[in-house]
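Handing you this structure, nothing more for now.
A, B, C, D and E label the chains in the order they appear, each numbered from 1.
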C-alpha cells in the first residue's frame, strides 16, 4: 500500500470520524448486555465463601493443571497444523477444496458427545486407526492426556481454521505476489508477509480455539474419559460436581472463568496492540 | 488501493506463484486428516439401515424444525447484534473496551452447562432480570423456544464477534477515512465500505455461529429444557437417545451432519465466490 | 499530539462571531511534520509545491481532518476546528496521492459514493457519476473494479470522485501524476475551467512547474514542514528562494554568500577550453546527460563543486563539441544574465 | 485465458538448445489488453511509452509472471515460459506503479526483503539495504513504516527495493512519478549510472519525454495494446507516429489525409488578424493558457477544429498581443518548418 | 401457583389429537420403561398425551425447581429428589430399585473371570464418577471390598460406562442391572459382591406446577400399579 495522506495518523483511533451512530451503538450494547449480564448474575450468585478452599483443593489443582496443559497444547496444535490448512483453503486451488472446506466445518456442527463418538470410531482401541495403532505399537489412545488434546484439537481446530481463512481472504493475495517478484518462496512469503498481515485473524482464531478447548468436556469425557490427574479437566470436574453439589460447581466455574479472563485480558490486549 | 500490475489478474489463483511448499502442505494435510478421518469412520459406523425411518419419524422432524428455526434466528441475532458489537470493539476507542473484549470471550470458556446456569441466574424466573420481567409482564423465559434462541445466541455470539472483529482489524480503517472525506456518515460507511470489505470474516463468523448453534445442547437443556416440539433440538434429541439407544443416536447425528454439510457446502461456496 | 488544540487567542480569531469571507485561513501544526499558515481568498487556486517530505500531503490531510493537528482551520468564514468538525461534515473534495479507490466498488459506484453519502438518490447519483466519468474520458470503464483499471485510468476515476461532490475545499494531491500527456493537458484545461467557476478554495499539490504556473493564483512553497515562500506564480518563478523551486522552473541557481544568483539555461555558454571571465561565473564540469529540449539540446552537467547546472546549446554546437556524457567542459555565464536576490536559509535539516 | 500457452513453433524458438544472448525477447498476449512483441539487447534500456491504458503495466506484469499471458518470454537466452518459470525464480526487479511496499515492514526491511528471500543472511542484507536507502536519499527513514512516509519517500524506497536484488530484468513502472524535481534529476543520473553497468535489460515505463530520451536506448510505443512504434529515442521524437508521442516530445502534429505534419511550437506565429498563407497552415484558435516556458512564453490554444496547438512567443509579444486565456487569435506556420511523414492509423478503438 | 401460563407453552407442543398433555421428567435410565408406560397411559386416557423429557436426575430436579412446565418427576436416587422437595405436590414414593453388576464386552475379550480380576488386576475398567448415583454405589462397594486397582475413567453417568464396555474401549465396567438387560447380548455380566446391600432407589412424585394434578397423580399410580411394576421388572429393575 502506498502512503496515504495519513489515514490512521490521528491520535485517537476513529475519533475524528465522528461519533459512532446509535444504529450501531444500540444493538452493540444489547449484544454486550446479553453476553455480560448472565456472567454478572452468575458471579453474584456464586457462593464466594468457599472460593479459596476450593481453589486450594487437590482435585481442583489437578484439573486446572490438566486444563492449562491441554488447552495450551491444543492452541499450539491449531497454530502448527491449522494455520497451514487455513492457508491451503484460502490460497491454493486444488481439487476437492470446497468439499474439504465443508468437512472442516463439520466438527462444529456435531454435538460434542457425538464428536467424542466419532473419535472413538477412529482412534478408539477398536477404531479404524486405533486398532492399527494398537496392533503395530501396542499403544492405545483413550484414557490418556494425549486423548484429551486430540479431542480438544478436533473440536477447536475448525474454529481456528475458519477464522484464519477469513482473515487470509480479507487480507488478499496482493502482497504474496509482490513477495514472489522479490524472489520469496511461498514459505518465505507465508512467514514474512502473509501471516503477519493476517495476524489479527490468527489472534482471534487462537483465542477462539483456546476458549473452546477450555470449555470443552463432551467430546473429552466420551473419548478420553474422566480421571483426576490424567484426563479430568476443569469442565469435566464442574460437570460431575453439578450432579452432586451445584454450589460447588458454580464456585469451580468461577475459578475457571477468572483464570481464563485473566489470561485473555492480559494476552489479548498485548497481542492486539502490537499487531 | 491503487490498481496493481495485476496482482490477481491471473487465471488460477496462486498458480503462478509456484507450488505450495511441503512445509505447509504436510501439516495442512495432517490437520485435514485429523478433522476428516473421524467423520469418515463415524459415517462408516452408522447403521444406515434405519436412516430413512428415523428421518421420517415425528420427534426427529420436530427436532429438525426446532433446530433449523433456532439456529437461523441465532445467526440473525448474531448478524444484527453481534456485527455492531464487533465494530465497536474494533473501531471505537471507549473506556472499558478491553474489559468488554475479555467479557465477550468469556461465554466461550464456560462449559455449556455452566452457561445454562448463568442464563438461569439472569433470566430464570427467579433470576435477576427474569423475576423483574415476570413481575412486570407476567412472562417467563425458560422452557420456551425463545429460551433456546437466547441460549444459542449466548453461546454462539462470542464466536461471531471475535471472528468479525479480527476481520475488521485485518481490513483496517483506511477506507473508513476515505468514506468520511466523501461525506459518509459512520453508518453509511459501515454499510457500504467497512462491512463489504470485511465480508469474508462476516461469512466465517456466521458459519461459526450457525454451526455452534446447531451443535449446542448443554446450555439449551439447562436453561430451556428438552421438550419435544418446543425446546428439543437435534443435539438434545441425540443426547437423549445416546442414553437409550446409541445406534439410533448415531443415525440421528448423521441426519444432523448431512443436513448441515449440505447447507454449508451450498451457501458457503456461493458466498465465498461472490465476495 | 493534542487533537485540535486551540488556545484562547486563536479562539478569538476563529470564533463564530467573526466571518472572514468565503476563503481559507488555516494555521496548522503537526508536530515534527508541519507548521504552516495558509490564507487564500475564495475562488483562488493555491499550488502547493516543495520537495518530497516537505509536508504537502500532511497539510491536505490536516485540512480534511484526517490528520490530527493543532491550530485552526477556517473555511468560508466558518471554523472547522472550534468546535472540531467531523471529517464527513467538512465539504472537501480530496484526491489522495494514492487514489484510494474503494476496491470493492466499480468506478461508477466509487464516483457515486460521495453523492449517495450526501443523500442523493441512487439513479440521479449514478447519472451524475457517469457524467463525471465521461468528462474525464473513462466513461466506458464505469463498470470496472479499481484493480481492473490502469494507473492513469484509476487516477481519473479518483479525480472524478473528488469533484463530483461539489466540495467547498478542493484538495488535489498530485492529481496529474501517472496521467499521459494528452490526458494531463486536457485535464488541466478541464480543471482550469472547473476552477474558474469554483467559489471555494482549491489546493493543488504538484511537482510540475507547468501546473503551478497555469492553474494557480498563488503558490505556497513548503520546505521541511515550513512555508519557505508564497506569492504569485510569476513572482515565485522569477525569484525562487529554494533550490527546489529553482529546479522546478528550470533555472540554474547558485548560492553566493547570502544571495541567490539565478540564470536561465540559455544564458550558459559551453566550451572545451577554459574561457576568460570572473571565476564566479565559470565552472569546470563534466557532462551527465544530453537531451533534445525543444529546438535546442539541453545539457546537464556537474561542476567540480558538485553543483548541477543545465545549459541549452544548439544541436550543431552539441555535435561540434562532442557533448556526450562524461565529457569535460567549461561553463560560463554572462553577469548580465544573472539575477541576484537574497537567499533564505533552507529550513530543511 | 490459457496460462503460458506455447505453440510448437514458438517452442522451437525458445527451446533450451537455442541461446540468443543476454537480451530479452518476448511475445506477449493478454486477451483484450495486450498483444506485443519486445526485443532488446542485453544491457539496453527500453522506454515504454503510451497513453493510459495502453498496456504498459500489463507488459511488465506479464514479463514478471504476475499477469497470466500467452506467448513466450526469453531472458538471457533462457525461456521463462517453456516450461513456465515461477514468479520468484524470475530474477526481476519490479517497481510497481503503486509502490506496493509491505505495510507491516519498515523501509529497511522492505528493501532487505528480496535479499533475505534469496538467502542473504540478516546482517549483510540489512547493511546492503541501508546502502541502497542512503543512495536514494532516504537513509534516515530506514526505521519508518510505509504509512509514515511521504509519497515521494515511499517511491524511493520502492526503487531501492527493486534495485537491491540485482535483477536480470529491471521493470520500472513510472519510477519517477511523485518525486520532486531535484530527486527525480538525481535519480535519473543515479539510474543512468546503474543502468550503464547493467548487463540485463531494463524496461522503463514513463510519461515523460525526458526519461525516454535521456535514459533509453530504445523506445517502445504502445497504443491500444499494440506496438505502435519502435526506434531510437531520437528517431521516435523526430517522427512521432501517434498523437501521444507528438505531445510527449512537445511537437504539434496535425493530420492531413494519410500524412502526419509536425512542427515545433517555436515555428508558430501568433497574430490577431487573419494572416495570408495557405489555409492548410492557418488556424483560428482561442487561447487556453499562457505560461512561461524557459525564456519564451508558451501558449496553448484550441483551433476551431478542436485541435490543440502550442506556440512559443516572446514575453514582449505576449504582452503586446494581450494573450490571455479566452483571446481569439490566428496561428500560422511556415511550410518550411513542417515535417511530413506517413501516418499510422491509431490502433486504439 | 401461577406457572400455568408457562405450562400452556409446554402443553401446546402436543400437536396431536389430545386436548390434554402431561409432561413427565424422568431419569435417563428410565427411557425405555417410561416410554412403554406412557403409551399405556395414553391408551387408558382418551385424549391425553404424555410428553417425556429424559435427562440426568440432577438436571431434571433443577429444572423442576426452576418451574419447568411439567407434571411428574421421577429420579434415579432419593438425594436428587430431595433437592426438588419444594415443588413436589406429594411425598415421593419409591417405585423401583437397581443393583450394580459388572459388564464385559460380548465374548469377554479380556478373559476376565470375575470381579476379583478387576479389583486387583490390571484390567482397563470404568465406573461412574462418585457424584453420580451409580458412582456413589461403586465407591461404597469398592471400599467394602478393598479394591486396590484404579479405574481408567470416572464416567459421568452409567450410560457412558455402558458405551465404553459395548464399544470394547474398556475390558469391564460397572453398570446397573437394567442397563445390562437393555444392552442385550452386547455385554456379558458378572455379579458384584456386596451389590445387594447397595441398591439404589427410584422415587417418583407429582409436581406443584402440574397443569392437571389429578392426571399427574394417575400417572404416578400407573407406575406404582402392578402393570407398571411388571414393565419395570421386565427391564431388570428390582421391586422396592
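Quick note on the criterion: contacts are C-beta pairs under 8 Å (C-beta built on N, C-alpha and C of every residue); 3 or more make two chains touch, one makes a residue touch a chain.
The chain lineup, named per UniProt: A, B = Molybdenum transport system permease; C, D = ABC transporter ATP-binding protein.
Just so it is clear, the model here is predicted, and its values are computed rather than measured.
Chains touching both chain A and chain C: B, D. Looking at chain D and chain E, the chains in contact with each of them are A, B. Across every pairing of chains, the maximum count of C-beta contacts belongs to A-B.
Per the C-alpha superposition, chain A sits rotated 180 degrees relative to chain B, a value rounded to a multiple of 5. Chain C and chain D touch with mostly matching residues; of the residue numbers seen at this interface, over half occur in both copies.
Rounded to whole angstrom units, the spacing between the C-alpha centres of chain C and chain E is 85.
Distance from the chain B centre to the chain D centre is 52 Å, each centre being the mean of its Cα atoms.
Centre-to-centre separation of chain C and chain D, using mean CA positions: 22 Å. Across the assembly, chain D contributes residues 57-58, 64-66, 86-89, 94, 96-100, 149-151, 153, 173 that each touch 2 or more other chains.
Touching two or more other chains at once are residues 59, 62, 163 of chain E. Multi-chain contact residues of chain B (touching two or more other chains) are listed as 1-4, 6-9, 12, 15-19, 174, 177-178, 180, 185-186, 189, 197, 242, 246.
Remark: the chains found to touch one another pair up as A-B, A-C, A-D, A-E, B-C, B-D, B-E, C-D.
Chain D contributes residues 64-66, 86-92, 94, 96, 98-105, 113-114, 116-118, 146-151, 153-154, 161, 165 to its touches with chain A in the complex.
Per the touch definition, chain B reaches chain C in the complex via residues 1-4, 6-9, 174-175, 177-186, 188-189, 192-193, 196-197.
Residues 1-3, 57-58, 60-61, 64-68, 84, 86-89, 94, 96-98, 100, 173 of chain D are the ones that touch chain B when the two sit in their complex. Within the complex formed with chain D, the residues of chain B that make contact are 1-7, 9-12, 15-19. Of all residues in chain E, those touching chain A in their complex are 56-59, 62, 124, 126, 129-132, 150-156, 160, 163-164, 167-169.
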